[in-house]
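Right after this note come the structures.
Both complexes shown next keep subunit A, but they swap its partner, so subunit B is in the first and subunit C is in the second.
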Partner chain A sequence: MTNDQLQHAIDLLRPSGDSRLLTHLNSCVHCGLCAESCLFYLATGDERLTPARKADLVSSIYRRYHSVTGKLLPWLVGARELNSESIDEMVELLFGSCTLCGRCTMHCSIGVDVTFLVQTGRKMLSEMGLVPATLQATVQAAVETGNNMAIPVEDYRDTLQWMEEELTDEVGDPEARIPLDKPGRKILYTLNPREPKFFPLSISAMAKIFYAAGESWTLSTRMYDVTNYAYFSGNDGEAALIADRLWSEMKNLQAEQLVLAECGHGTRAFRWESPNYLERSFPFPVMSSVEYIAGCIREGRIRLDPEKIRERVTLHDPCNLVRNGGVVREQRYILQSFVPDFVEMTPSGIDNHCCGGGGGMLSMSEYNEWRMKAGSVKAEQIRRTGASIVVTPCHNCVDQLIQINAFYKLGVRILTMAEIVADALIIEHETRIAKQSRAPLK
Partner chain B sequence: MVVLALGISLCVSLVHFVRIVNAGIPRDLAPAAGEVSPAVRYSFTGAMSPTKKESAYLHLPTYATGIIFHLGTFLSFFLFVWIWIGLPLPGIPLVLVTGFLTLSVACGLSMLGKRILERKLRLLSNPDDYLSNMLVDLFQATLVLSLWISAMKPFCFLTMALLLLYFPVGKLKHALYFFAARYQLGWFFGRRGVWPP
Partner chain C sequence: MATMEIEGRVFEVDGDGFLADPGIWNDEVADLFARYDGIAPMNEKHWQIVRIIRRNYEEKGMAPMIRTICRETGLKLREIYELFPLGPARGACRVAGLPKPDGCV
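Now for the complex of A and B:
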């Protein structure tokens, strides 16, 4: 690491622009009351893993270089140098034991945005070239190939074709399609690369919903990846580059509206962060697929069979979609509209615990042990509901929940929102044809 | 002495204040999903209540201790000015105030004790955390004593001067940043349509 990199990292803590950084770097009173809000502390009891420690790691370096007291009397205010010791601790705590879930922020006794400080610390590490190699590889794959799993175009097309066959069988209509690269459609829909790679049935599930709603939609070959792991690695330049591709693809395909696949961080990174990365406002509406499905039910565009799902169902709230994204009621509206035995976790909604797989944790295999330990909090929450199906509108959470399910022997089924909705869809060909004639496909 | 300390304290605090206000609220180009004003109101009210804030409802004794200690601090500042301008404090209010401030000092000391004894807090603390607590405890204690023993008044004035000088330097300045932090939180969760719940 060069001195320049070190200096750039320190400069990132110089409050500039707006008062957000200045405020949160100076607000923590070290009361420690946020400890129990964090799944890493709850699961391990390790005092080093409290949110306050993570926030203070960043603030203490700020104090050392950017505050008068910290410069003159560093011992008094616990100001720390940015050196190999503090850097190692930063990597371990800010990447290895924080999912950026924001639960501590919401419950902090003062109102310190711990997540924002951890994110700032990650930006410093990114500036110094210290993003964990596994996470950086995921970002690199997205930058170089257009999707974070480096899926070759041919494989992607083959999978979609296979899923189209599934769809035609499922709905009993040989004309049913999974449209690809169709210009001028109303909706451009994205995917999490996990879908074409490992869980293609969730693509046909969403296609079935679009089919039943008589929707005008398309997928893209050039840019379909909803994820943006650069948001987690702290590299705003790469995050902007990835986000910009989706903006461009909307323009290329002349779509009217962007519907983001079930991905918490992808939705957050695009819906909430990308206008700021790119310094421009959206010229098109953006919504999550959860909001889209809820809208279809509300408008009577799809009907669901309340007899179909007889098991007890519970809901896991992806932190980036719910607590940090404001999509709280729609998923409940959907489930309550056709699941007779729906139970909430405790706590739920904006207070729900993280699954432990967020913040890029799933891609950082070096922290697998902590991730699985942290998952014990979610495992216990699931167990207490007595549910046999856990629904979550996030493929990242699905991945972590599948692993938790096996590790803690929960014996539940994990489904995305599209999957459970598709299972209960009532396909009425007559109705669909009528819908299409009301809103003809472009 | 106190006037000088107050002057310095106010000037430095003003620098903090102007920095915060000048920097302004963050710019957000993403379309808002909710309103900021009700969320900011909620941030300062409902979100702080022990029914909603986990850091409060999981730690009710600490929460209550903190509330009493903070109320005691505000009361002490008020009383200090009262004494300073030479207003009398009659019997019953004097007893009530003495009782409350004694409780407040006890709360402050118990928080200090907790910081010393609990490993989790010890790991998190630096000398500033102990010093800030001790200064406020001392100020409240000398104030109570000076209400009864006039010979204690110079000590009370001295601690007040120290407290004022230290206020903008260490963590006591959270009294200023607290408002900015809660506002920012309300702004963030309000725009995102998360608050009020």
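Now for the complex of A and C:
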């Protein structure tokens, strides 16, 4: 690492016009109430992992370089140098044992945005080139190939063709389509690359919902990746580059509305962060597919069979969609509309526990052991519901839950929202044609 | 680098239990890794999947699409998820000795 990199990292904490950073760096009163909001503390009982300790690590470096007492009498105010010891600790605490779930921020007695401080610490580490290698590899794949699993475009097309065949079989209509690169459609839909690569049933499920709703939509081959791992790595330049591609594709395809696939961080990074990265506001509406599906039910555009799902179903709330993204009621509205035995976890909604795989953790092999340990909290929550199906509108959460399911022997099935909805969808050909004639496909 | 012991054999692996050196992979390693995940013994379908993943990795340097696995084995998608409950990546690719794929897996 060069001295320049070190200085740039220190400069990120320099007091400037940003009162937000200054406020949160200086406000923690060490009450300790945040401890029990944190998955890593709950799962391990290790006091080093409490949110306050993570916040203080960043604040202590700020004090050392940017406060008078910290410069003169560092020991008096617990100011620390940015050196190999504190840097190692930052990597371990800010990348390795925090999923940026934001539950501590919500529970803080005085409103310190701990997550924002952890994110600031990650930005410092990114400046110093210290993002964990596996996380950086995922960002790199997205930057270099246009999707975070480096899927070649012909493989992508081939898979969508295959899913289109599934769709036509499923709805019994040879004309049913998964449209690709169609300009002028109402909706541009996106995917998480793990769908075409390994778990494509959620693609045909969503296509079935669009079909039943008589929707005008398209996918893109140039830019379909809903994820933005640079949000996790703390590299705003790369995050902006990835986000800008989706903005450009909206313009390119002249779509009216963007519907984001079931992806917590992707929704947050695009919907709430990208206007900041790119310093412009949206000229088009952006919504999650959960909100889209709820809208279809509310408007009577799709109908679901209440006899179809007989098992007990519970819901896992992805932190970045729910607590940090404001989509709280729509997923419940959907499930309650057709699942007779729907039960909530405790706690749930904006107070829900993270699955343990957020914040880029799922991609970071370095911390697999902690991730599984942190997942014990979620495993226990699921077990207590007695449910046999867990629905979650986030592909990242799905993968973590698949692992928790095996590791803690829960014996449940994990489904995305589109998958459970598609299972119960009533396909009415006549209704669909009538809908299309009212709103013709462009 | 972490290590993982399976039935007396010690392997160097990444934190997720993927083989550190894909070059040392052979049928015996596949069998042991599958055992570790509770798949014992692997049946003909497991082997078909593992061989296609391995071949794709050796030819193209990456895991194949699930589409390729289904096409070449003739297996249904849901069958693959049942055969490897941890999924194509953390289940099948790990048994085939690949490095962990990037992304949300």
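Keep in mind that, in the parts below, the second predicted complex is superposed on the first by the 441 of 442 C-alpha atoms of A that agree within 3 Å, B and C clash if a C-alpha of one lies under 4 Å from a C-alpha of the other, contacts with A are read in each partner's own complex, and residues count from 1 in each chain.
What we mean here is this: a residue touches a chain if its C-beta (ideal position, glycine included) is under 8 Å from a C-beta of that chain, and two chains touch if they have at least 3 such contacts.
Computed from a predicted model, the values in this text were never measured in an experiment.
Student: Do subunit B and subunit C fit side by side on subunit A after the overlay, or clash?
Tutor: These partners fit in the superposed model.
Student: Once both structures are overlaid, what angle do subunit B and subunit C make about subunit A, taking C-alpha centres and a multiple of 10 degrees?
Tutor: It is 130 degrees after superposition, to the nearest 10.
Student: One more residue to check, A:50. First (subunit B), second (subunit C), both or neither?
Tutor: Touch status of A:50: first partner only.
Student: For A:149, select first, second, both or neither according to whether it touches subunit B, subunit C, the two together, or no partner.
Tutor: In the superposed model, A:149 contacts subunit C only, not subunit B.
Student: State whether subunit B or subunit C is in contact with more residues of subunit A in the superposed arrangement.
Tutor: With both complexes superposed on chain A, more residues of subunit A are touched by B.
Student: Of the two partner chains, subunit B (first) and subunit C (second), which one does A:34 touch, if any: first, second, both, or neither?
Tutor: So A:34 only meets subunit B here.
Student: With the two complexes superposed on chain A, say which partner A:365 touches: subunit B (first), subunit C (second), both, or neither.
Tutor: Second partner only.
Student: Quick check for you: in the superposed arrangement, does A:395 touch first (subunit B), second (subunit C), both or neither?
Tutor: Only subunit C; A:395 stays clear of subunit B.
Student: So, A:406: does it touch subunit B (first), subunit C (second), both, or neither?
Tutor: second
Student: Which partner does A:199 contact after superposing on A: first (subunit B), second (subunit C), both, neither?
Tutor: second
Student: Taking the superposition on A as described, I'd like to know which of subunit B and subunit C A:134 touches: first, second, both or neither.
Tutor: second
Student: Upon superposition of the two complexes, what minimum C-alpha distance (Å) separates subunit B from subunit C?
Tutor: The answer for the closest subunit B-subunit C C-alpha pair is 25 Å.
Student: Give every residue of subunit C touching subunit A within the complex, in rising order.
Tutor: Interface residues on subunit C, with respect to subunit A: 14-18, 37, 62-63, 65-68, 70, 77, 85-90, 100-105.
Student: Which residues of subunit A touch subunit C in their complex?
Tutor: Counting only subunit A, the residues touching subunit C are 134, 137-138, 141, 148-151, 155, 158-159, 162, 192-194, 196-201, 227, 263, 362-369, 395-396, 399, 402-403, 406.
Student: So in the complex, which bits of subunit A are touching subunit B?
Tutor: For this pair, the touching residues of subunit A are 15, 17-20, 22-24, 26-37, 47-48, 50, 52-53, 56, 68-69, 75-78, 105-113, 271-276, 279-282, 323-326, 328, 349-351.
Student: Considering the complex alone, what residue numbers of subunit B touch subunit A?
Tutor: The contact residues of subunit B facing subunit A are 16, 19-21, 23-31, 33-34, 43, 47, 53-56, 58-59, 62-63, 66, 118-121, 123-129, 131, 169-171, 173-174, 177-178, 180-182, 184-185, 188-189, 192-194, 197.
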